[in-house]
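Lettered A, B, C, D, E and F in written order, each chain numbered from 1.
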Amino acid sequence: MFSVTVRDHMMIAHSLRGEVFGPAQALHGATFVVDATFRRSVLDADNIVVDIGRAAEELHAVVGELSYRNLDEEAAFAGTNTTTEALAQVVADRLAERVRTGALGDGALGLEGIAVTLHESHIAWASYERAL
Amino acid sequence: MFSVTVRDHMMIAHSLRGEVFGPAQALHGATFVVDATFRRSVLDADNIVVDIGRAAEELHAVVGELSYRNLDEEAAFAGTNTTTEALAQVVADRLAERVRTGALGDGALGLEGIAVTLHESHIAWASYERAL
Amino acid sequence: MFSVTVRDHMMIAHSLRGEVFGPAQALHGATFVVDATFRRSVLDADNIVVDIGRAAEELHAVVGELSYRNLDEEAAFAGTNTTTEALAQVVADRLAERVRTGALGDGALGLEGIAVTLHESHIAWASYERAL
Amino acid sequence: MFSVTVRDHMMIAHSLRGEVFGPAQALHGATFVVDATFRRSVLDADNIVVDIGRAAEELHAVVGELSYRNLDEEAAFAGTNTTTEALAQVVADRLAERVRTGALGDGALGLEGIAVTLHESHIAWASYERAL
Amino acid sequence: MFSVTVRDHMMIAHSLRGEVFGPAQALHGATFVVDATFRRSVLDADNIVVDIGRAAEELHAVVGELSYRNLDEEAAFAGTNTTTEALAQVVADRLAERVRTGALGDGALGLEGIAVTLHESHIAWASYERAL
Amino acid sequence: MFSVTVRDHMMIAHSLRGEVFGPAQALHGATFVVDATFRRSVLDADNIVVDIGRAAEELHAVVGELSYRNLDEEAAFAGTNTTTEALAQVVADRLAERVRTGALGDGALGLEGIAVTLHESHIAWASYERAL
């Protein structure tokens, strides 16, 4: 199995609902350093997993839809706890949709899986991985 | 599949038995930067893998049982080569026991796996992963 | 010259005023990984720059006064652009005050300088250094 | 499952053929920070995955066959696009061959898998993993 | 003293002349992860060292002039050993020129110094710092 | 001012004397990731700060004199608290002696300063810098 990973980041404000979150129930924020991993069993005709330039552009577009925002006021997240885990899934699902619609090129249609890791600090991170 | 990882560290002395260990047969020591990863397929009602505060506390407790010690004199390791690999399993198994007894909260009973990585330097690390 | 550095982090929400900040004029947030460096020319009687345990505790207290907050609503920052640079100075000055009042122990009175670096992402950070 | 990883690096020149590579079609170069991971289900009699000294030596030998070279002029890569993905496989396959022929010791014959990651920058890396 | 640092990277081919360089006398390559630090004693009216967006853009332009090239064939480096140290100076001097001509904005005219670090691997890096 | 840094590591056991060290008064250990920085104002005739190969070899020799040992039993440290700060000075002073006696080559006689950083974990490190 092969994989390629590209890294970007986003800076957001949000609050979390539920006693389990303690002080993070207050409005605060985070930088998420975002690693997006694309997987496939066999390389394409160019000997690559995915066009890394396009992969980086599409990841940048996806994190750009979230960055510099207060997620508490985004309609897309109404009623949703925007935990690191949940945001990892959002980024992965949005990348998967871009793969499906051809934004990463025809070669990317051979991708088999995506994993997204969001690093919220030097001591904590969360991941979500899914098939394509 | 979702995962959450928390990082801590421990500083121990020990020696290793066997020619394969070369100079590490002498009493020396290590800082292990410890990453504990908790996995599950579906998030809980709070949209999380595990209460990250409790996960960090329990990891800190587990590494605290080992840190600032000479492992050669710990009864728990009598007759055991305390390699990085073996210590990764010790940390993972002790965390798994804490999950099982509820120390990480009821939500953590839905966890499906644990992986522990011990970084012994900037150029070497070892991992152990297991089901829950 | 000797130095000791300890690392902690804080997660805050804020907005920045001024066209130069572009999209960061909107309410957003950041994780700041915070490195506090203590300097002195000569070690104390224990052969240390500072009691690293106390240094870590005081840094944790200082970042705890800022973390999990919306800095736009903190009285201490009314009328202030809470840029990474400015927050590095805030952390350094608050640590300096704690050194001066003895919170880091009598040995710390021999400290000569403090530097604080706030990492806002994997590709950007800011520092402030001052004498004691 | 246990694993041990060792890190080394190599510095090479090469060019890539195909429009997808854009400016990387010109002769340029890369430092690849190389992580080689060895996996097995059960530790050997010394409580290790592999003799980490030998693993580091063999990895160093494998990257030494590639480093400080222009891969465009290496017979082994004639007609091959030496992408990061492809080079990860080269390193993994050459390590696998060394495992098979006993260069990592008899204990290493119990290894079940190898994964190799090549970091080409702080924002991009590729991996290949295979069974043994 | 305040500073702000931004990180980018470049991938180049080159060879080095002189016995001291051993195998690096052959054509090979490197990824340089480039950190550019801007320093000043007093923040500007926006409470910043420099417009970090412009600083990142100008650094990207400077490394873009070098990246994906064989430096042995660049007229600018004819007769020059393009060591990591020398390239750090090139990047710093080119950034300094851009500061002087206003590319980083009028606020940047208050900058007092620049430092550039080029990381050539996980175990080696070089820096050059100069006044403005 | 130019600088070049090389990284290595050492793994030692020791104990520290004095109440300030709390649990670190017990025999324990550490991995120190060691960064040695060499500084000079003007590059030599090869356009370098120092022969990086020799610098790495000499650093490796210096840390090799300390690694895989119990520092409590080393005659060189009798009566000395082997704190991270103190060990940074030991490494710097031993490197300085090697520079002075020509082990890093004649070009290294133009070096003006050395700084050594010992990382004891992901959240703590100490440095010592001196003139040559």
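Heads up, the rule we're going with is that contacts are C-beta pairs under 8 Å (C-beta built on N, C-alpha and C of every residue); 3 or more make two chains touch, one makes a residue touch a chain.
Note that the coordinates shown come from a computational prediction; the quantities given were computed from them, not determined experimentally.
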Most remote chain, CA-based centroid, reference being chain C: D
Chain C on chain D, rotation in degrees - Cα superposition, rounded to nearest 5: 180
Chain at maximum distance from chain A, centres defined as averaged CA atoms: F
Repeat of the E-F interface, chosen from A-C, D-E or B-D (over half of contact pairs identical by residue number): B-D
Same vs different contact residues, chain B with chain D, by half of numbers used: different
More contacts between chains, C-F or A-C: A-C
Geometric centre distance via CA averages, chain F-chain D, whole Å: 31
Geometric centre distance via CA averages, chain B-chain A, whole Å: 27
Multi-partner residues of chain C (each touching 2 or more other chains): 7, 122-123
Parts of chain F lying in touch with chain E, wherever the complex brings them together: 1-8, 43, 46-49, 51-53, 56, 105, 107
Interfacial residue positions of chain C with respect to chain E in the complex: 18, 20-22, 80-81, 83-86, 88-89, 122-130
Sites on chain B touched by chain F in the complex: 7, 9, 11-14, 23-24, 26-33, 67-70, 120-123
